[in-house]
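Here it is, the structure, as structure tokens.
Letters A, B, C and D name the chains as they come in the text, with residue numbers starting at 1 for each one.
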Amino acid sequence: MLSVNQPQTIAEWTRDEMAARVARDIRNGSYVNLGIGIPELVAQHVPADREIILHTENGLLGVGPAPAPGREDPELINAGKKCVTAIPGAAYFHHADSFAMIRGGHIDVCVLGAMQVSATGDLANWSTGEKDAIPAVGGAMDLCAGVKSVFVLTEHTTKTGQRKIVMRCTYPLTGVGVVNRIYTNLAIIDVTRSGLIVRELAPGVMFEAVREKTGAPLTDGRSRQEHRS
Amino acid sequence: MINKRYESPGDAVADITDGATVMIGGFGEAGSPIELIHALIDRGAKRLIIISNNTGSGRVGLAALIANGQVSRMICSYPRSANSMVFPELYRAGRIELELVPQGTLAERIRAGGAGIPAFYTPTAVGTQLAQGKEVRTFNGRDYLLETALHADFSLVRADRADRYGNLVYNKTARNFGPLMCMAATTAIVQVRKIVEPGELDPESIVTPGVFVQRIVEIASPEQESLLVKEGRCYP
Amino acid sequence: MLSVNQPQTIAEWTRDEMAARVARDIRNGSYVNLGIGIPELVAQHVPADREIILHTENGLLGVGPAPAPGREDPELINAGKKCVTAIPGAAYFHHADSFAMIRGGHIDVCVLGAMQVSATGDLANWSTGEKDAIPAVGGAMDLCAGVKSVFVLTEHTTKTGQRKIVMRCTYPLTGVGVVNRIYTNLAIIDVTRSGLIVRELAPGVMFEAVREKTGAPLTDGRSRQEHRS
Amino acid sequence: MINKRYESPGDAVADITDGATVMIGGFGEAGSPIELIHALIDRGAKRLIIISNNTGSGRVGLAALIANGQVSRMICSYPRSANSMVFPELYRAGRIELELVPQGTLAERIRAGGAGIPAFYTPTAVGTQLAQGKEVRTFNGRDYLLETALHADFSLVRADRADRYGNLVYNKTARNFGPLMCMAATTAIVQVRKIVEPGELDPESIVTPGVFVQRIVEIASPEQESLLVKEGRCYP
């Protein structure tokens, strides 16, 4: 059964599909912080029947879409220093209040990129630890420490095919045991007390293929219905 | 659509149960959420731990909640005032506990609770009775006390205006503890004079961003505590 | 020389004179917190060539005079819960910000009442310590701990003639070694490392008379000019 | 009369001396007080300890201050950016020290400095490299790090409008560290787009009360860092 599966035939989720899948798991009324990179796409895929409020840690609750060309304001930016807009009902605040929201557990979900995630939910996403790298952490550790649900949104492996989901992170940690769920181009994986449990696979992707690309034990936790698909 | 509006104070406090910790805003009557407190009296939850700067006056509002025997413990800075008889009576009778906290320490402990800071050091009260039992630690040659964060299950707050997201602005010195208590409670319940459309509150001037607020109730013409006291009114 | 001095002939400062004397010592541009009672009078005696900004710890910087009758706003009050006004250029803020001003050393002067002050500047002004008293501290301990200069403004003795300036306070302390200067109806006394030093006496008041009413050693530190008067 | 206005950025920074600790506001270019930084370059003070979230970009503003060899140590959360070459070069050459602090911890340490809190506990960075050498303490079963307050001799901040008392309002996300840095410096120096009459700023909407501000300078049309960088401009 498994032998018919060839890695090159895997139908991966696109980045937009990954982002849409994350958006589907965010409840109406949630306060959400989106990391820089692929996580930013989540904002564009919120289901029409839901309203979520986007927080950016540099001091804005109620981030709107990108401004029209020529309407950019260099003093209205997000944590990635990109120009944004503010929705009606937005609020500005200073950094101590902004990180009080994060550290105090008021933000429901953050969606972060990852260099590595461990079997126990450790996250490494701020430094390669190389000797001449310029260390730069920003708000990543605060988000890990304070946000209620930490979702990782990342390609399943690096561009060179190296595993990102591992037994133990080799890169410097951003947080210990903080990741709740991992969304990749191949699978959705929960981090649980019983280890990593696959909840869903991209269409056509086989469990064994994901297992091969994962550096930590995976349990197949898909519902029977999903198994059949 | 997000809409944090509740139709009545009664609806908004309906799940406050016996033994809950409840922060109540206000400095004296300024900012005291009197309709929410009265709804809590109607609700009848008992053995409440109340965190509030004062203990109310006359027989309305917070004083009435205490008089009604619903409060087992007060955490406050100033449980005395010109028209405060209820708390002193119960306190002298040993029927209510008091944790006295300096006002600034009270404010900072509440902020800490909201900001995910479990504890901090402060110079306030070093060498006084209120330092008894507290850890003292020296930084740069000066002594400080360790103080821990305060959290609550609910907070009852009064603001001036809100939008459906729970963004708040306050009126003058009625702001006092409101923004902090909204941060520090699992469920912050706020009565406002008026609920406006999103965007009507200037995003530069919002004092409490909606993320800190779970429920809002419009009370267009709140009772004025000092007038009720002057008239000798009792609640219920 | 001293024998001619009879206590009943002492020309004490009135409360307004005491308050005016405090106001004279507050520099232009100072941020000042006035305690409840006699200290409130200081606001009315600021010299015309100076501007000072009054802070009230319940959340207002720029306290103005009492409102005209009928113009009171129960949501615009001072720490004594009296109705006040706000000057143009005033600002409202919450309690954490207000006490950050106090604790963080941003308030230049506070003027407090006293039940007792010790020779080393300990202040007792919040509790008699009696068993059935309702303890109530408010912001007094925060002010003592944080404000740059703590001035005490008080009658020299209690209504029953008991000394308020003592070797050691017998009432519960508000702060330890915090008082910088004491203004009474009889004298102005600095609290220094060398003990209590009298800087000025009310007109006609003799040093020995003040010494009698003071429960701690006093040094006569008046300038020669003042001695002559 | 109180008037905190200074006529020029040069006047406002004239007493910043070698070895001073200086907080500089801004998150990227938003809120960066570029004219004040350039005045500090003109002033030439050396061996500065700079506390700022980033390290500037191009060869203007904060990056130019660093490039000019005036900074011995940076305390910041994110010393990298698309156009940041100056800091990385000096850092790799061992010619500038770096204390890396998580952004929220940086903000809270600055607030603590302004609020008279010498130290506090935080969950951020527990179990990471940035926890090395820091005290760990458990509250309610969770581990926290002890973090100490940050103070500065001066802070350089950009706001939108001020009055002569130093009351400030900011513009959008340019607010970021400004209100905190005003609190935490002995002398807070603020450049604003416009100085208005007392009373023109709504007392309900003032973000930084004047008590935290010592000097204000009006710069009606500040330079825009990103445009200067795009044009390849250098300062001086």
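What we mean here is this: a contact is a pair of C-beta atoms (placed from the backbone, for glycine too) under 8 Å apart; a residue touches a chain by one contact, two chains touch by 3 or more.
Everything numeric in this text was worked out from a predicted model, so none of it was measured.
> Counting only C-alpha atoms to place each centre, which chain is farthest from chain A?
Greatest centre separation from chain A goes to chain C.
> Consider the two chain pairs B-C and A-B; indicate the one with the greater count of contacting C-beta pairs.
B-C
> How big is the gap, in whole Å, between where the Cα atoms of chain C centre and where those of chain D centre?
From the centre of chain C to the centre of chain D is 37 Å.
> Between chain A and chain D, what's the gap in Å when you average each chain's C-alpha atoms?
From the centre of chain A to the centre of chain D is 30 Å.
> So which bits of chain A are touching at least two other chains?
Residues 86, 92-93, 96, 99, 102-103, 145-146 of chain A each touch two or more of the other chains.
> Pull out every residue in chain D that's touching 2 or more other chains.
108, 111, 115-117, 122-123, 170-172, 204, 207
> Please classify the inter-chain touch graph. Allowed labels: line, ring, star, complete, other.
other
> Which chains touch, pair by pair?
A-B, A-D, B-C, B-D, C-D
> Of all residues in chain A, which touch chain B in the complex?
28-29, 31, 51, 53, 55, 61-62, 86-93, 96-97, 99-107, 145-146
> Spell out the part of chain D that touches chain B in their complex, as residue ranges.
Chain D residues touching chain B: 108, 112, 115-123, 137, 139-140, 142, 144, 148, 169-172, 202, 204-205, 207.
> Within the complex, which stretch of chain A touches chain D?
The touching residues are 56-60, 73-78, 81, 86, 92-96, 98-99, 102-103, 127, 132, 134-142, 144-146, 172-176.
> Name, in rising order, each residue of chain D that touches chain C in their complex.
1-2, 111, 113-117, 163-165, 167, 183, 197-199, 201, 203-204, 206, 209-212
> How about chain D: which of its residues touch chain A in the complex?
The touching residues are 27-31, 77-81, 87-88, 91-92, 98, 100-108, 110-111, 122-130, 170-180, 207, 224-226.
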